[in-house]
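Here chain A shows up in two complexes: once beside chain B, once beside chain C.
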Partner chain A sequence: MTQNTHAPAPRTAPGPAAAPRGLVDVRRRPSSWTGLWFVLPFLAFYALFLLWPAVVGFGYTFTDRSLAGGDVSFVGLDNWTESLTDSAMYDSLWNTLWFTVLSVPVMVLLALGLALLTDHARRLGWFLRLSFFAPFVLPVTVMTLIWGWMYNPSLGLFNGTLGRFGIEGPEWLFSEDTAMFSVVVATAWWQVGFNYLLYLAAMQSIPKDVYEAAAIDGAGAWQRIGRITLPMLTRTTALIAVLQLIGSLRVFEQIYLMTSGGPNFATRTVIQYIYDSGFVGLRIGLASSMAYVFMVLIIAASIAQFRLFSRKEG
Partner chain B sequence: MRRASRATHTPPPAGPGRRSFVAGALATAGLAAAGCAPPDTLISGDTRLRQWNLFAGGDGNRMVEMHDAYQAEHPQIDFRATTFTWGAPFYTKVAMGAAGGRGADIATVHISRLESLAPGRLLDPIDPALLAEFGIDDTVVLPNIWEKCFFDGQLYAIPIDTHVLIQYLNLDVCRQAGVLDADDRLVEVSGVDDYFDLLREIQGVTGEYGLSMDTWNPWSNFWALYRQQDGDLVFGEDDFEMDDDKALAAMDVMFRLSEEGLAPRHSRDADTAANLSNGHAGLMIHGNWEIPTLEATGIEFSATQFPAVFGNHRTRGDSHCYVFPHQRDRDPERTRAATEYAAWMLHHSLTWAGGGHIPAYQPVVESAEYDALHPQSEYREAAENVQFEPEAWFSGSAGRLQEEAAGALTTLHQGTQTPEQSLDQLKGTIRELLTVPSPV
Partner chain C sequence: MATSTPPAPRTAQGPATTPRPAAPRRRRWSAGSVALYTVATLAALIWFVPLLWAFATSVKPEGETTVMPPSWLSANATFEAYALVLGRGDIVRWTMNSLITTVIVTVLTLVICVLAAYGFSRFDFRGRPGLFALVIGGILIPPQTLIVPQFVLMTQLGLVDTYWGVALPQVVAPVFVFILKRFFDAIPRDYEDAARLDGAGPLRVLWSVILPLSRPILTAVGIFTFIGAWNNFLWPFIVVNDPEMMTLPVGLGTAVGQYGIQYAQVMASAVLGAIPLLVVFLLFQRHIVTGVAGAGIKG
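Take a look at the complex of A and B:
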């Protein structure tokens, strides 16, 4: 309340602004220290549960530490060599990459399309927002159960429906050729809601008078989308694309639940292979080095993509 | 302006309050994270007993039922059982708890995983004399199972049951196919050709399959078929022995079953039992733990031993058993309570048998009550025909070999690889596992 009554004073008198500026600088330092106290709990947990394990994990990469405990000895670069020469590691990296290549464009373009649709639908807007975002709140276990049954080649909804028209449906999750596509489709249905929401928020923050001015100048609906909406969304697209890239590279749980990496490892991603090596195979040292190899790749991919987008913007 | 000028002077009195608030919050969070619950057992004087298990579904319900009865009889024991997700997640927890010397008092594991749990380091030995005091020794358990409980001459496990692959019958379908005798028992067939003929007859009735089987984790089926021919798998230092011809014969059966449409190409988890219960197949090969599932469907069914595809009823199996995860300060009183608890559970394993498992405790298996259990009593000999997997850190239920072998063997059912190609892949997998230094 007191602030409000004082507020007009500096606005109406811009002249003496130089004097308080000195005060502002002095004020900033202690207030940023106060801020530190507020982030301290987060920082403490971040350091304890993220930074410290990451450092310890890096140390493990040079040992033969086992999940079953026991003596630990230094093995030098053995784990790194094994990670980098293991063909199954490359297969799983390839699967991860394939999932990413398939899923990122779908998840970005689909989100954009759905957001445009919602933005233009006046009456049904609430219904579309609900429908497109609802799957996102489902737990992964529920999503995989639903889609697992729908994909079932002999008892499932898809092939049952196709069968009515006399078409023999594919084997979906059960064939090496179609398993990854099927997972991507299910993932897109499940996860696109988040990107969609980001796009929708960005679209709704574009000033309406820009569109009005364009409409007065005779721009049609498509021109308005192509010349105003899409360019104004570049930053959002860059953000969504990077987030989606990282998310897709880290894919694990839905694939693990839907196919456990099968058939014949056609969908085993690198995270699952790390999990298999560490938790089923008990080799924590090896799994740590694999995780580090993968981390380097994710960072490199993110930087590369971010550069690409920021250059476009410039 | 006013706030700015205040900040340039002495720190506001609210500062320390905020700090102590944060410190207090952190301390509270730290305490909560450390799990500092009030030491209730110290107050009550009860013996604390913590059990970890991996039983959910039908098994889990029966174990809860038994635990309720156990607790009613043992009010002085502060007993708590925790169920974790089956498979690798469970073994990870057991191993990590024991590696830190803070394992549960008693845990259930698969006997095939004994070696991967490093007996002597992650598992504490069990005193056979104490166990005998409670009525469990080598006279009440089948010898082939009892001997699996030893490691380096010391007892490390108390067997609860044997679980094996058995063959289920959809009685309605089998009756129509005319493959049952007057007592509703499946006609005895022996040999690959006879078995395939039997399945063809059943297929004639269902119009779909003759046999329903899990094609997603086919290692167990392979092991049963391979062992029926006396096939051996011996692990050496960096090489192994496997009988290629026998492995190929077993793989050929799996390949042809799906290729001819006698068994599905794809069947996983719930699909397998669904195919039998909805009449898409007349027979099913699955673990004996599926009995509660089939009972829930309400169909008329029975069960028998694993089919004699290669002339005998040998079947892949494993045993659930109790172990004592390593504790740095093992309390004799709690150890005694844990031993007594295990013996109590064995004595009352008739309830456990209801879930399909064959109890390890022979007096139960030989009892009239067990005789009356149907179809459990139809396959009790399976415990003598059980074929365990070879001992290695990577073998056993939910182990690395099972996981890696599934990849090669699934292709047989899908028809994407010939038995020869699949065998090559399987051998490559085993060779790779052997090159890995044992993490145990």
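Take a look at the complex of A and C:
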């Protein structure tokens, strides 16, 4: 990107981007070097810690480089073939997708419900915001320690309480059937607060006279929610769904800490598989090709979502 | 969530912008609002259960934590578990490590993102559209997929097991450049002209005109960077192996192994791990709420 610095535009030239600006501004435009100096520190970090690893990582995919060191040789497309034909890779992709499918609706609808409650129970506003958002600021390990303890099949709060009523609770995190659901529930408790605040802010920016007019026309509270609040939140819902989808696809930490990917790899996500291959199996090349497969999928999903989102807007 | 009930008309029309309840006015409680407030209170209490249960467990004598059925209150409540956890010292050490790395990340992120956003917003230079597109494109790259080459880079730079190794890769936050630039773009240029006529240079204009007008967004970006860096798990988990250098989330992850089945101690460490950011949250609650609104909706 540095080649751009060699040909600064003449000071007075109001480059194409400056057209709509005021006269005063154009006259006093600082030299074109100035702007570059301002963006340079960020670009330096960006290039070193994001772009460079991305490029180098792509190079690794064609080698048998090991984290343990040793000779590195070129292996062509072997890593790509291996990651694209590995059934465990597809299993972890499926687990990631399954977590996303389960968590996105929960995280959107739950946030909407809690925000509607808060928006109407105004007198409890402070207390409700505190309780619904506070878990969001907890470190992931605090969350997983607490939920792991509550989920404990023989000693935990859930099965202990069910036991009082003579019900034998499930194995929660220790059964292939319930592990993913349990993780989703814990995740919802932990992370829903952010979406909830987005909804709450959107609700409170709906002009009050719209509601007053509806009330005068005899609309009940449910009608006002159905006819005014929800329709006016369409854009917010689209935004939250997009952010949540991309966030859910990147899941790793809480699942890794709660189940280590088990039982029997039933909850191993792609990121964990990349981690396992690179830092446990020490195969940097293979891990990098997996990472690239996954990166392409996430970027494609993000772009598709943003397309959809901006079309809705337009 | 479908259980919310019709609110009393008056509450729905109250002053929406102030989060505090309106001035106390005599009002009748309809059946609907009683139900609404009951459901809201119940939901909030359910949300508190995990934290309350962690605390309840942490103040039990170790022998009582595994008694079934579980009880919420112990007749022999004690802070012994806290004394034992704190006495080991590592949780204090991890908290300090988290504080140092988080402050580095937050300060550096704010500085470089503000400068870049200002540069992109107020100056023309060759290649600006291309560079800005490059930055925006970075938002799409999930940093989690770069852990392997990033770790190799940190090994080559000799930054494994150091504060800088934990902090530096977290500083790159293209999304904040985007958000800040949009905010700066919306500030009318007339404000700057007066300062420029007084002979203020670009840095002076940024410092005394743009930044004071951007305090809400700067606070929001600062708080979210802080929370994000404090709670980051994956990267510190990878770049730190030395228990002395672990951040709080990573160190706590080893707590289960360390304390084994000492559940009171595990929960005491969880509670201690929760406290710093809960305090930050309580102090900055209003900024966080408006920050989400500003960054998410308008930003």
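Following the convention adopted for this analysis, the second predicted complex is superposed on the first by the 267 of 314 C-alpha atoms of A that agree within 3 Å, B and C clash if a C-alpha of one lies under 4 Å from a C-alpha of the other, contacts with A are read in each partner's own complex, and residues count from 1 in each chain.
What we mean here is this: a residue touches a chain if its C-beta (ideal position, glycine included) is under 8 Å from a C-beta of that chain, and two chains touch if they have at least 3 such contacts.
Note that the structure is predicted; figures quoted are calculated from it, not measured.
By the touch criterion defined above, A:69 reaches chain B but does not reach chain C. When chain B and chain C are set side by side, the one touching more residues of chain A is C. Using the contact criterion defined above for the overlaid structures, shared-chain residue A:41 touches chain B and also reaches chain C.
In the superposed model, A:276 makes contact with chain B only, not with chain C. Contact with chain C, but none with chain B, is seen for A:164 once the two complexes are overlaid on the shared chain. Of the two partner chains placed by the overlay, only chain B lies in contact with A:175; chain C stays clear of it. Once both structures are placed on chain A, chain A residues 9, 24, 30, 34, 37-38, 41, 67, 154-155, 275, 279 are touched by chain B and, in the other complex, by chain C.
Listed in rising order, the residues of chain C touching chain A in the complex are 1-2, 4-7, 9, 11-14, 16-17, 19-22, 32, 36-37, 39-41, 43-45, 47-51, 53-54, 57, 65-66, 68-70, 108, 111-113, 115-116, 118-120, 122-131, 134-135, 138, 140-153, 168-169, 171-172, 174, 177, 189-190, 193, 196, 202, 227, 230-231, 233-234, 238, 248-250, 252-253, 255-256, 263, 266-267, 269-270, 273-274, 277-278, 280-282, 285, 288-290, 292-293, 296-297. Note for the complex: chain B touches chain A at residues 1-5, 7-8, 11, 15, 18-19, 22, 25-26, 29, 88-89, 92, 95-96, 98-100, 116-118, 121-122, 216, 264-266, 268, 271, 274-275, 280, 393-394, 398-400, 403, 406-408, 410-411, 414, 416-417, 436-437, 439-440. Contact residues on chain A toward chain B in their complex (touch as defined above): 2, 6, 9-10, 20, 23-24, 26-27, 30-31, 34, 37-38, 40-41, 44, 64, 66-70, 152-155, 171, 174-176, 260, 262-265, 275-276, 279-283. Residues 1, 4-5, 7-9, 13-15, 17-18, 21-22, 24-25, 28-30, 32-39, 41-43, 45-46, 48-54, 56-57, 60, 67, 109-110, 112-114, 116-118, 120-150, 154-157, 160-161, 163-164, 189, 194, 197-198, 200-202, 204-205, 208, 211-212, 215, 220-222, 224, 236, 239, 250, 252-253, 257, 271, 274-275, 278-279, 284, 287-288, 291-292, 294-295, 298-299, 302-303 of chain A are the ones touching chain C in the complex.
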